[in-house]
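Here you go, one structure.
Each chain carries a letter (A, B, C and D) given by its place in the written order, and its residues are counted from 1.
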């Protein structure tokens, strides 16, 4: 089932369906490349020396995500426990909220 | 070794020494004899020793019996111990009578007047009661 | 201006009136009117001290109005309006009343001019808010609420202890700038720090927020933490240690947010991270930085509410907010998905409020020339966009369609939720579009232009490469949809370790007590028994002794007495 | 009301006694009996409140009944602390008198006449304690209070009640004869008087090194203050019907204890003497330990009344601690806590009774989901609990605040920590009751075979006379926050004696 063409879905859903594909990624890459190239065209008024390094921000952002993903992975490996770890003292171990509970709340 | 003082001390107080000996004999009998009648005898000996002690205390050398004679120079013995002991003799007789009466009762009850035998019987009764 | 009714009391009065109103639209309308009336009142306030009152010989200030309190008062009222609109469908009186009390307390605390008044409202926020968690009505929510409440009240009692010490030392109860140094001021800082979720004091936040009701979490996310930020800005502006505390706050929660499964908990951690931004700015303490604090609080309340609303809508419709059970939801909840994406963008994209406020904070840190802190903030900006702006919407709404085989697809969120989210998004947008108006509200009169080419370019680069990195890593399989399970945070220390220690202590003391009382009883019994043995009917001292030995003993006794009396007379 | 003060005082002490007689005479007519009980309570409150303006303006109305020995007489004098205690006891008696009717009828208790008679007798004793002018008078009424409450504790007359009452009587009489009486005689020998005098009567008359011993005799001798380890009577007395627990064990009896403690501290020793000699330091630590240990024990109790009883043990030590801090603000906090805790705790007890009347539940774990059925009762419970915890805007906040200030003044910062931890423990043992009742669904217990909640929809409260009084006192907790200033100015002359006054002058060496 392709969400992009599924006419039973609302128009916004179909639009979002397009984003879900490869297109978004390549659009982003295109925008990113353009923005990165602008570093060479535009001279910013940096306060810190290292800001002047070309592609500093782009690289820093990408590196941040990588660091975060890796750190998250390590934390997950170290600290992940079952949902019942604290049961019955937490809501994590409880079943999904039933419809009437949600309405009541 | 009897020098002048000590010999006179012992001799002059001979009555007290006699009292002490007599009293100890009585005490010894009370403590050591199991026979109740003998105990009473010991008690009486002890008692007599006490009487004699008091009477000796009251004796004044050269004194007469404390009966008024009309002579102002007359020396009398101290009347108080005598009176006291007169009473004590009466009490002593009564005590002895009571003691002997009790011994008769004990003899009837236990069939013996030996103290250790009585104690044995008592213990036997206790044991039976508690069992 | 004595004709102005204190806005906090508007909420509280409304909370008292509310239960007698009939349930339904009338009540919901009344609820919506309350924050609007309050906002209107606050709008009309002019700076100065109004409404002082006497309590036990203390001259207290109910309303101390300046630009800082007005900003917080306004955003609190407005956010309360949005949250109540979002909760239009809720019929539960308890939640309605406590929401009003909670908002009223927070606004009251913001306008408090002295510590006693602050304390009253401070505890008010603690007690009122816990009902939003308990209202979920499950065993787990009950325990979570108790933990939350104890920590919140701990903050209150530490505050009152700090107040007492501070008062003892200085004789002043004014809620103003403090210099860290004495025990009292440290206690006050810690009290604020608990509500501001300082590292290691933060566990209540990711613990409690995901446990509340869908609507309750939105309300919770608005007040408590921002009230703490306000208090820090009021009392501890320029305190250096806050810079380092804030830096840790930027990092630690972010890692958890990047790894969590429960998306509302992801948002709670993200919120904690954003508090770090504000704490750093408070630590910098320059007028520019404090403007940044106020601006970021406003922007952050709006976009974080929006994200919590979106996740609340997902929870409301699907029954879960866990990434492991979600995916592909854009098919059935497209508007929610779109608004969620807007919420993510609102955090730092130009044209949105978050961009302005973040630029303020970053600039203030740069001006203070703190390169490491600045880099940390940059990392935080990229990271927060990754966890809340990209990863979260993607996990919830895109990817594998988890509801493909379900008998019934989840429906789009109800109209009131959509409307509330739409309004929130619009306000983010409006503030971002009109930075000058935004700036004019801030406490200090500092000229600042967020929309320089530098800032825009920088921010766009950061955002686009963050997104690119996410999608690239997703393709390479380095980022995956998380499996069910929870992450143990430092809450393990109190929920497991401390509990175990307490249990061990209880076990030891119970047994020690038992042993002691048993020993004592045994001793006593033995003592009584020995007395009984000696003197009881069978006892040797009660038996009849032979007369002979009696006499002997009496003689011995008499002799002994003689010796004693003679030796005494000698 | 135009009465000579001495007559009015006698009237205040005798009114409940008259009430006792009248109650006894209307044995067969319950309506009349209860009307008498309520009217007496209102009249008593009226008489007691009549003293307030005078006392606040500095007057000290007094009355002497007769002299036992030269300078040792059965005499009364109203001073601020006694005024406060009398107001608390007589005011709450009205509420409790109402509540008694609801509870005793709702529960169909037997021997109600005896109950009401002993109750009035106990109030009379409490008023006597409050107004006593010397330690001798106080001691007599102290013992009367113990003995008159014994039949109340043993009311149910079953094994549990009898054994509880035995513990009650044993500890209270034992400590008062064994320690307090000795202390009183010792004081008499040292000071030659037992009159309460601001600034104390012992200064300069006792070797400071044995001062702690005398203080210890008093502290343990006042068993009603439930200082650990002589606290066992309080939980033991919880076998009594709830109104008894409410008034006597939350208000009259225990408050008589801590009131005596404050009196001894302020009027026998004098806080200056205690502060200078640091004789009360050990008592402060003991009270602190008592606070924390009793709170911890309360956490483990599932029986609601037992939990409240241990909570009382802990809260009473606040007052003892306030006295032992030996600072003005500590005394102020302690005195305020008498009123604040009385109001809060009576609310909690009456709620516990209302729950019992309505559902016959005594265990907290059986109360899940009850809140939706009894919202007023649990709402009042919540407010009472919050006041005990010390949260604004409820009365309990002020007393805790002054105790903390007192601790700061005394330089014992660690005591502030004790108060903090105790607050959190209060949260941990009081709020779960409300939270579970409102928010944890009930059914799992209904299926477990326990006494199930009658599952009819809507509200099923206890009789109105059981629910109204706790609601009134809950509102009282709220009002006390805003009117605490009145208590403050009432107690002020006691806590902060005028340094130029004769009483304080006499203290100077």
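For this structure, a couple of remarks:
Following the convention adopted for this analysis, a contact is a pair of C-beta atoms (placed from the backbone, for glycine too) under 8 Å apart; a residue touches a chain by one contact, two chains touch by 3 or more.
Computed from a predicted structure; not experimentally measured.
Top-ranked chain pair, ordered by C-beta pairs in contact, is A-C. Centre-to-centre spacing of chain B and chain C amounts to 99 Å, using the average Cα coordinate of each chain. One inter-chain figure worth recording: chain A and chain B are separated by 120 Å, centre to centre, where each centre is the mean of the chain's CA atoms. Per-chain Cα centroids separate chain B from chain D by 72 Å.
Centroids built from CA atoms put chain D at 37 Å from chain C. Counting partner chains per residue, chain A has no residue touching two or more of them. Of all residues in chain C, those touching 2 or more other chains are 135-139, 141, listed in ascending order.
Chain contact topology: the protein chains form a star, with one central chain touching all the rest and none of the rest touching each other. Chains touching one another form the pairs A-C, B-C, C-D. By the touch criterion stated above, chain C contacts chain B in their complex at residues 538, 543-544, 546-549, 551-552, 555.
Partner chain D is touched in their complex by these residues of chain C: 54-57, 94, 119-120, 123-124, 127, 130, 134-139, 141-142, 145-146, 149-150, 153-154, 156-158, 160-161, 164-165, 167-168, 183, 506.
The residues of chain B lying in touch with chain C in their complex are 27, 30-34, 36, 39, 115-116, 119, 122-123, 126, 130.
The residues of chain A lying in touch with chain C in their complex are 1, 3, 6, 9-10, 12-13, 15-17, 19-20, 24-25, 28-29, 31-32, 35-36, 38-39, 42, 44-45, 47-48, 50, 57-62, 64-69, 71-73, 75-76, 79-83, 85-94, 96-99, 101-105.
By the touch criterion given at the top, residues 89-92, 95, 135-141, 143-144, 207, 210-211, 213-216, 254-256, 258-259, 262, 315-316, 318-320, 325, 328, 330-332, 334-335, 337-338, 366-367, 369, 371, 374-375, 378-379, 382-383, 386-387, 397-399, 401, 404, 453-454, 457-458, 460-473, 475, 478-479, 482, 484-489, 495 of chain C touch chain A in their complex.
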